[in-house]
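Pasting the structures in now, so scroll down.
Below, subunit A partners subunit B and then partners subunit C, in two separate complexes.
Let's look at the complex of A and B:
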């Protein structure tokens, strides 16, 4: 099983369903993610994007269906899952460096591997200078970069991001999105990026899944076959953005 | 450094007014006793207390020990009881905050014992331990343990749930989350407990000594009552207050030091 670029299927989501009481939020969702793919998921507000990621990351149980990593039911203790939350999740009592190391510590990575990874990643995201500061001494965008670095540092099988840059201003967003792409290209992780910002999705993703309103299913799949770095005013970019916008508008 | 703390000037009135209020308080106290508005058999004037204080520094009569010996005895009892209450109460509270099993087992018993004032245990304590140091340490321990448990418990419960979710997605075990997230999150509350527990211990100490003791500041107060010496009663009270305030101040300084690393 491979995707259109010939990559092996890494993640398989089968019949994912979630109800809250009588409210059916996720309705039998099926899709696969290839190894090393950057997949974006867009959907209207309140359609269940966060619920979707919570199910995938095993934070909440599914009502039906499951997620498989390399053919096995996903298990945070066994697989390397990583999650970047919408709100900052830095540990205030740890320095920037130790915050980035946190996921690796939980997973008992050997000391030398942690050190090496830390040096690589902190340099790549420009956190090296602030490595010894505490989270309250850095800006909001830095906090989110810490969370992103922490996630990439564990070499995740699947990295999930829930609108990580939703609360930051536009200019900063582009900057951080570029940085994200750079991390993804260098570390070759499999990324699932949730957002309700269509332009952001088209800018970062290789493929976009468009979700419907509740009860939520996958309404369409859009390939974003554009070279990088992408330009927001490239006619092809604009065309894809419009296509996705239409898909979300018409339900 | 990305940030610097802003220094706020203390207004002059906050320096002058306390001095004024303390001065007025003691002058008024001295006056009402000296002029006989309150008879000296009911209340000792500050000057009389200071005089007795100077005498008691060296004279063991009539209560059997010099002031330093009383203070030393009380301090020792309080300190041992305090340390034991921290050693027992803080771990229990922390564990109760995170582990459902511990909470389920310990909570009902804790809630039953909590409303009983430690002083109510004094008769039983005398049966068990006599009037030696063990009994008093036990009473003091009882008083200190309650705030330790409550604060540590609440501190753990206040751990940011998103941080716990974050740790879970990395596959952290319950024990890892407890040690790496819950305990650091609870530290400010735990440090708060250090002070509250100390106050509780110190207050209970005096209670315990009023009823069963042969030395200590509480004992000094009860001897003053038995010998009808109001200056001795007041001296005992002042010493209790003063020592308590000094220890409280010391703990606060220590807390500031320790918290500098956490309250970020």
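Let's look at the complex of A and C:
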């Protein structure tokens, strides 16, 4: 199985369903993510995006269906899953450097590999200068960059991001989105980016899945085959943005 | 789009890379004026302390309290003598050490047991369910209430005093270790879980370090309780210690001895709490900037 660019399917989500008592939140969701793909998921507020990600990351059990990595049921102890939460989740007692290294430590990467990866990533995201500071000495946006770096550092099979830049101002968001794309292109990770910001989704993703209102299912799939770096005023960009906006509006 | 945003530069500015928005305190240079000097915090500290001592001195020298209030000068002179003269076979240093050693032993014993128990209770619901009911019975009991029973059980020697200190310090140590763990943000555990960490990773990497600040806050409260307890124990029955000095001063109507004893306790207790602060800074270096140290 390959995607439209001929890439192998890495992640497969089959019949993902989640109920809370009688409330059906996720309704038989099916999709695949190709190896090295940047997939964005957009949906209206309250459509169960967080539940969806919690199921995918195995933080909560599913009611039916599952997520498969290379054909096997995903298991955080076996597969490399990484998650960037909405809120910055740095460990306050670790320096910037040790926070970025943290995921690799939990996964028992060898020391020299950790060192090398750390230096590469810290330089790539411009955190090398502040590597020895503690999180309470840096700004909120930097904390989120630390979390993003920590997630990329483990060479994840799947990197999930839950509106990581939702709380930042627009200028910083553009900057961090560019940085994210740079990381993704360099490290060739498979990324699943959840956001309610349509423009952001069209800017970063190769493909967008549009979620419906609760009970949530996938309503549409939109390919974003625009060259990079993308421009927000490119007519094609505007067209795709409008298309996705319409899809979200028509529930 | 990215062209309009300045890229972070590695221009050898160390921790001050502007693009990385490091939070730093910036001091502004202002010219010295009389207004600035008299509104200076430290200047006002001095003014208030000196005024207090002067008023005390004047009242002490006057006949207002009929000799029941020693002046600061009298207190200092009295304690200068205490450095060489002995009271019940000990100099001032001996008495200071007698109290301090009791405090340290009791405090160390209590924290060695209370902190692990508090951590266990917070981390394991079964341990919590077993210990909490009993703990809740003892929790509201003031430690001083134990003085009489301690003397009946252990006599008037060292063990009874240390027992009271242990009782007085146990509760805040345990409670703070317990709440320290309970108040950890659940997202921090999620970080470990998603990365495939096990329960051991969660406890060692998140629970313990996250609870340190609360534990140290508990140790500070415990230490001040320990000084209250040692004093109570020494006032009731003792042949040494700062409480004993105060009782002797009372028996001999020597107010400079009583007041001096009080002042020395304040100084020694403050010094021991300073040691806890230093220890905290060593164990929790990440808290430094937050607390403004």
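Quick note on the criterion: the second predicted complex is superposed on the first by the 251 of 251 C-alpha atoms of A that agree within 3 Å, B and C clash if a C-alpha of one lies under 4 Å from a C-alpha of the other, contacts with A are read in each partner's own complex, and residues count from 1 in each chain.
The rule is short, and it goes like this: a contact is a pair of C-beta atoms (placed from the backbone, for glycine too) under 8 Å apart; a residue touches a chain by one contact, two chains touch by 3 or more.
None of the values given here were measured: they were computed from a predicted structure.
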{"item": "Superposition on subunit A - do subunit B and subunit C clash or fit", "value": "clash"}
{"item": "Which superposed partner A:55 touches (first subunit B, second subunit C, both, neither)", "value": "neither"}
{"item": "Of subunit C and subunit B, partner touching more subunit A residues", "value": "C"}
{"item": "First, second, both or neither for A:34, with subunit B first and subunit C second", "value": "neither"}
{"item": "Contacts of A:192 with subunit B and subunit C, given as first, second, both or neither", "value": "neither"}
{"item": "Touching partner for A:128 - first (subunit B), second (subunit C), both, neither", "value": "second"}
{"item": "Which of subunit B and subunit C A:229 touches, first, second, both or neither", "value": "second"}
{"item": "Contacts of A:171 with subunit B and subunit C, given as first, second, both or neither", "value": "second"}
{"item": "Partner chain in contact with A:141 - subunit B first, subunit C second, else both or neither", "value": "second"}
{"item": "Overlap of subunit C and subunit B interfaces on subunit A (superposed complexes)", "value": "57-59, 75-79, 81-83, 85, 87, 89, 91-93, 102-103, 106-107, 130, 133-138, 154"}
{"item": "Interface residues, subunit A side, partner subunit C - complex", "value": "57-59, 75-83, 85, 87, 89, 91-94, 102-103, 106-107, 126-130, 132-139, 141-142, 154, 171, 174-175, 178, 229, 231-232"}
{"item": "Parts of subunit A lying in touch with subunit B, wherever the complex brings them together", "value": "57-59, 75-79, 81-83, 85, 87, 89, 91-93, 102-103, 105-107, 130, 133-138, 147, 154, 160"}
{"item": "Sites on subunit C touched by subunit A in the complex", "value": "1-2, 5, 7-8, 10, 13-15, 17, 19-23, 185, 187-188, 190-198, 201, 205-206, 209-210, 212, 284-286, 288-290"}
{"item": "Residues of subunit B that touch subunit A when the two form their complex", "value": "1-3, 162-163, 165-173, 176, 180-181, 184, 187, 261-262, 264"}
